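Look for chain A in each of the two complexes below; its partner is chain B in the first and chain C in the second.
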Partner chain A sequence: MLCRGRWIVEFPRMRAYAWYFIRRLGQFLLVVFVGINVVFIVTHATPIDPVEQAISSATQFGQSDPRAVEIMRKALRELYGLNGTIWEQYVTFWRRLVTGDFGPSLSAFPTPVSALIAQALPWTAGLLSTSTLIAWGAGNLLGGLAGYYRKNRLLKGIGIAATGLQPIPSYIMSLVVLILFGYLWPILPISGGFQMNISPELNIRFLSSVVTHSILPVLSLVLITIGAWFVGMRSLVSNIVTEDYVVYAELAGVDRRRILGSYIMRNALLPQLTGLALSLGAIFNGAVITEFVFGYPGLGTLLVRGVNSGDYSLVLGIASISIVAVAAAVFVIDLLYPLLDPRVKIE
Partner chain B sequence: MKTPISYFGVFLVSAIGLAGNAFGQASYLAGIPRNEVLICENPEGRITNPAWFNIWVVNHGGVSTGLQQLGMDTLWYIDADAGIDGVWDNSLASEKPAYNSDFTQMTVKLRPGIYWSDGVEFTADDVVYTVETQMKNPSTVWGAAFLASVDSVTAPDKNTVVFKLKRPNSRFHAIFTVRWNAAWIMPKHIFEKQPDPTKFDFNPPVTLGPYTLKSFDPNGGWYIWQRRDDWQRTTLARFGEPGPKYVAYIDPGPPDKRVILQLNHELDIIHDTTPEGVFTLAKQSPSTHFWFKGFPYAHPDPTLPAVILNNQVEMFKNRDVRWALALFIDIKAVSLASYRGAATISAIGVPPTGLYPKYYFDPLEDWLKNFEIDTGKSKYKPYDPTVAQQIADSLRPSMGNQIPKDPKEIATAFGRGWWKPNPQVAAELLERAGYKKSANQWMKPDGTPFSITLLVEGEPRPTMTRAGTMIAQEWRQFGIDAKTQAYPSGFFPRVASGDYEAAIAWSVETWGGHPDLSFFLDSWHSEFLKPPGQMQPPRNWQRVSNPEFDKIIEQIRAIGFDDPKGVELGQQYIKVAVKEMPTIPLMSYNVFTCMDTTYWTGYPSAESDPYTDPVPNWANTKYMMVKLKPTGKKQ
Partner chain C sequence: MLRVFRDLFRYNREFAIGTILVLIVLSLAVASFFSPYPPQDSYVVPPDVPPCWAYPLGTNSRGQDVFWQLTVAMRNSLLFGIAVAFLSRIISLVIGLVSGYAGGVVDRVLMSINDTFVVLPLFPILTLFYFMMHDHMSWTLLALAMASLGWPYDARLIRSVALSLRNREFTTQSVFSGMSTSQILLGEHLPYALPIVISTTINNINWSIGLEVTLSVIGFTNIETPTIGTMIYWANQHTAMVAGIWWWVLAPVATVIMAFIGLFLLSVSINEFIDPRSRLARMGA
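Moving on to the complex of A and B:
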């Protein structure tokens, strides 16, 4: 309960913040609506026809009586619900979407798209959130140290290594890690999300297998993403160390660790937090190449399969989740920024 | 200030090392000794719909997970190679199909004493149920085919099935005859309890094959099958006990990784990899066994990649143009570009694999040597019987003893002859077709540049893409504005749509072990030809319409499957195809299957025991199981 005096001061701010919240919410909903519509148009404009893809896969190796193909085409079109107009499909799509139903997958019919996504999502979320947080934490810590202790040779060396690794294509990095720890020094598993013939249950055996199998995929992702955080943080810290309040603190004899932690890093972290939120939002796109190389389950592979098979429902489902996730990340950061950074004023 | 950095370094190295020590030495498959399991590549990769085993539904999920190889069974199998006991195997049927005189009825006698994995006896009712259920659901994999052919199906007794057909069809049995797959038999006692059989996941599958599903990755990365305790009550028991107690089908990832896994002895059978991957294994892995003991290592599948020319496109309606394009191609360069020389070339319209050299290549060799093209200005015999020999000779300096010297071995491995490139004769043919050369560019009769877009699949099929790139380059060299277009997604539907000029694909697939050509040729009949703009049903992708082909096809339809006249008619087809050149045949589809002999021995081989196609996504793989024996190596 605020006292009356404080209420008088705080009420206009709260009202401004509420108005700011409503505007940002409106922007969030608009972005989601436009984004999902764009994906709907793009997926339906693709020349890949899921029925023809299905016929092709069903007849490619086996018997293919030409008389039968026409019958199959008609039956599949009806089964997949593709007989209606594009407008009818659009209305059906939104009607389903608002209830969280993406409909059945056309390439894994009749399994619901939501079931396929639910199956892949935990793996992608686990892999990418872990690698993003490790890369973000380590990159910022080392970048901050490198920006402050600019003459330290070890940090310079780490800087060279991190920036050198950054441009390496994901596929090459994954293969290098795989050859190093899977062949030359074969100490870690290189395939799958967990050991074969283990039942995926919440027990130590399964969890330790999951952790072991994720080390190399995470390592390959961390190695190519750590550089960006490192360089960003080093630049930010390099600018902040020249600020008057830092120089004053140093002259005042404040402990250097405290200067680094409380005066420099804390201020430098704000833009990095925005980047982190966006990166975490983008994890729903999956990591196709890493998943492919390490045979790791996830949304990336699922999305590529959906695209290749013309599975509108699956592509729309994954894209919709990704759009909502990225837009939500931006929305949350927008809401938090005025609270985290007192320099940001809400009018 | 070294402390935090040191901490980080120590943490990283320790984490990897500890993890390795703690988990790296764990068994590859939990609870299964390595020497009891055969590990095969599933070329489908990670399965989107892993828990779905209803193989009768289109797009149901994985097929090459071991499901069709180890769990399914049907009436007959034809092997792509020599076969375990001849190419034809009566599997669930006890004898060959019996047709009436006008091929409107087919009677099948079933093998008694065969049981489903849940202990229920397999009977004629299962076959009848399979057909009737799918006919009621034409969206199922074989439903439309049954609907198009079957008038009625009955079971007079538990070991007899009688099909009455809607029209004469001497090849109806082919629907139940495995080449790569076939119509699998459904367990009536399981499916009849389901309200909608097309929405039933069939998990766990009840099998007729010698294995049952032990466990699978809910994310579709691996499937492990266990030999049935009652394997004696399956059709495979006629050939002995399956060697591996367990068989795993896994998604091993990209080609480089498959090679690493085999070098680590963690993948017994690589389905396919790159030529470079094979050369690495040949050099570094003494335990790896290939179909051919030396070059080209790969198994030639009974499929014929070719330059498919869309015969409904104006410029390809003229035979002279089609032949001119063939004479601009140097197959040696195409072989080197596509398979690094490890190709088995074919000049004629059937693949040079299985028993086809005996049925078609040897008997036609003299005819090919004497085949003559008359351009109006000159006469030319285009067939060069020494091309395969030339490819072998060109590879010998770099590959040494891996290249055979015996002409018979060269013919088996590299093929026989092909067309001699001859730009002069090709130019005469183009000129007769009304084409003119202006500067270094050929112009069409309407005065526009002669340009060709050659459709290739791109990244999913690198060998064929490389072949297309080389052919386009060769055509450009001789003044044709040719370019390739990669179309990785939806390649085959696009070819079927006719929205292409030329493509590297295949419209010829054969039994391999049996000479009958109806498997692909029947669909080449002009009665099935669609006008431009409409989808062409498989497999006449070249959209050819030719009365001579029609006549041959009709004659094949009128004779029995094993009638010796079939070979004669097949040879006639080849001669017409050579004259007309509706597609330009290139080579067989070589699959680089690599088999590790560390834990298992008894794999098929071209030289010593070609008892089956080793490519592990073929349903015939089940025959390999009874020939494979453990080497005795412990984990």
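Moving on to the complex of A and C:
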């Protein structure tokens, strides 16, 4: 009997959560669908044919046999999935994405593009998640404190610094960090993901090398994003402080730390989490650019290398995978949201 | 209007600093029209001269005066930002106002498309665009591509303003007096949305200049057009930092940081001016 009673209470809540899950899944699929279509339009509506481009760069040094060129043209068309009508190409395009098979890379022949991306993806994911966790966590904590203790000198100083840091784009920030710690005060490695003469095994030496090489990229990324979280949280908290329930809690003598933690910050975290989901695309851009500046072996460096070596499949593969990866990360954050906001379950 | 400006300048430190920084950057851009050398010409002055009286910001390894190069670069970067911001404003205003006014299904559909564009990682997409265009890539094409991708965040903000106007009495009255939807949106709702449009426009200028710098520095734009980004690109190509020609890198980086902070402070202070709550907080209420 008891079990049945609980079931009745739990059931509508579960159903609300399932409904929320389905809606977010729909949004995830929409992002992937629209993003991949944008990629398809970019690659197919532009007047330049990647096949002809590859051929002209291959034949620019000296005369080639026209028959050989014809064979090459055919092979490249097949390789790039540019055979048949536009609709057939569209279907091929999706089939390749779903199976994760973008064909072999032209610059690192015959390694498949998917293998190159699989090698680079963990580096980007690690860099992105570490720096985002640090920046979002520290930015919100400090911003919350600054909104609550408005008279504190130190927090005011941090506020001014955060306002100055906020508008600087990732490339400029990475360059400044690189110049500071690469040329003026060279204490940390400025290039690569780990030391060259260490074999990538799971031991202390390798891991510590990975950590020291990641400090500057992570530092740049944290400096780029922390300002926005700080300023956003500060203004949210300073608005919530004037709410009646906070004033009441203060009058009732609730511990101030508890007011800040569970009365104010928890409410202010919700829009900040939504903000994180919405800005993930921009944060990803920043990470990709920072990787390029520091020669970090992630997607960004691979992307630039792909462009410079004229590797169509690689560039296309990275653009498509980036869209899916960012959409998936947003989806994960969306699924975490109900843990913080119990109202989602009842809605 | 002038009095608002004077008061803001006097009492709002962000606004004052922002205005001064933007004025410095603007006067640099205007100075480009008095440049003694055509911007694209190289070897017009002795190369690699450190900052001195004759060349206040030194000269670079391509034999160009860094100061005059900087003025042209700043002008082009600013114009680029303004062009992208202007074009993307059209999309974000249409989507934002329509979505907020229509509500219901239209609103939900438009906003879910909007949220889709918000999270798309633009850098790989723009890189792919450059890859397809290569030598055909131009200033105008990049501006168009970025404008068609850079509207969604602001559309959402404009929608939130339009949403609050939907149920106001004057909207109802406009409907009853027989105004068409476009008349209501343009004549009645647009003026209310203008302050937020101005502040998001400034932010969008910042965003576009930042992305342009990034793409140019890697060489993914037309590198012959002098902008802040291509200036840093050429400095990197000549390994200016390693060769010790630091003024070639420092000048564009410092100027563009000034532009970013100046524009950002302007948009923040305008935002604060719009929101009466934060104005009260400033007065100490």
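Assume the second predicted complex is superposed on the first by the 222 of 347 C-alpha atoms of A that agree within 3 Å, B and C clash if a C-alpha of one lies under 4 Å from a C-alpha of the other, contacts with A are read in each partner's own complex, and residues count from 1 in each chain.
Assume a residue touches a chain if its C-beta (ideal position, glycine included) is under 8 Å from a C-beta of that chain, and two chains touch if they have at least 3 such contacts.
Keep in mind that this is a model prediction, so the values were computed, not measured.
Asks: A:S191 contacts which: chain B (first), chain C (second), both, neither?
Replies: first
Asks: By the touch definition at the top of the document, which applies to A:L82: first (chain B), second (chain C), both, or neither?
Replies: After superposition on chain A, A:L82 lies in contact with neither partner.
Asks: Which partner chains sit in contact with A:P66 here, chain B, chain C, both or neither? Use first/second/both/neither.
Replies: First partner only, chain B.
Asks: Quick one: name whichever of chain B and chain C touches more residues of chain A.
Replies: Between chain B and chain C, the winner on chain A residue contacts is B.
Asks: Considering only the touch criterion stated at the top, classify A:Y183 as touching first (chain B), second (chain C), both, or neither.
Replies: A:Y183 sits against chain B and chain C alike.
Asks: I'd like to know which partner A:I134 touches here: chain B for first, chain C for second, both or neither.
Replies: After superposing on A, A:I134 lies clear of both chain B and chain C.
Asks: After superposition on the shared chain, which partner residues are touched by A:L273: those of chain B (first), chain C (second), both, or neither?
Replies: Neither: A:L273 stays clear of chain B and chain C.
Asks: Output check: A:Q53 vs chain B and chain C. Expected answer is one of first, second, both, neither. What do you get?
Replies: After superposing on A, A:Q53 lies in contact with both chain B and chain C.
Asks: Counting only touches as set out at the top, which of chain B and chain C does A:V307 meet: first, second, both, neither?
Replies: both
Asks: State whether A:F292 touches chain B only (first), chain C only (second), both chains, or neither.
Replies: both
Asks: Which parts of chain A are in contact with chain B and also with chain C?
Replies: 47-48, 53, 175, 179, 183, 292, 307
Asks: Sort out for me which residues of chain A touch chain B in the complex.
Replies: Within the complex, chain A contacts chain B at residues 47-49, 52-76, 78-79, 105-111, 116, 119-120, 123, 138, 141-142, 145, 149, 152, 154-155, 158, 175, 178-179, 181-183, 185-193, 195-200, 208-209, 211-212, 215, 219, 292-295, 297, 301-302, 305, 307-310.
Asks: Please output the residues of chain C touching chain A within their complex, sorted ascending.
Replies: Per the touch definition, chain C meets chain A at residues 14, 112-113, 115-125, 127-134, 136, 153, 206, 209-211, 213-214, 217-218, 220, 232, 241, 249, 253, 256-257, 260-261, 263-265, 268, 277-278, 281.
Asks: Sort out for me which residues of chain B touch chain A in the complex.
Replies: 1-2, 4-5, 8, 15-17, 19-24, 26-32, 45-46, 48-50, 52, 57-61, 137-139, 141-145, 147-149, 174-175, 179-183, 198-199, 214-215, 217-222, 224, 248, 250-254, 256-257, 260-261, 263-264, 488-490, 492-494, 496-497, 509, 519, 523, 528, 535, 537-539
Asks: In the complex of these two chains, what residues of chain A are touching chain C?
Replies: The touching residues are 27, 30-31, 34-35, 38-39, 42-43, 46-48, 50, 53, 163-164, 166-172, 175-176, 179, 183, 235, 238-239, 277-278, 280-282, 284-285, 288-289, 292, 299, 303-304, 306-307, 312, 315-316, 318-319, 322-323, 326-327, 330.
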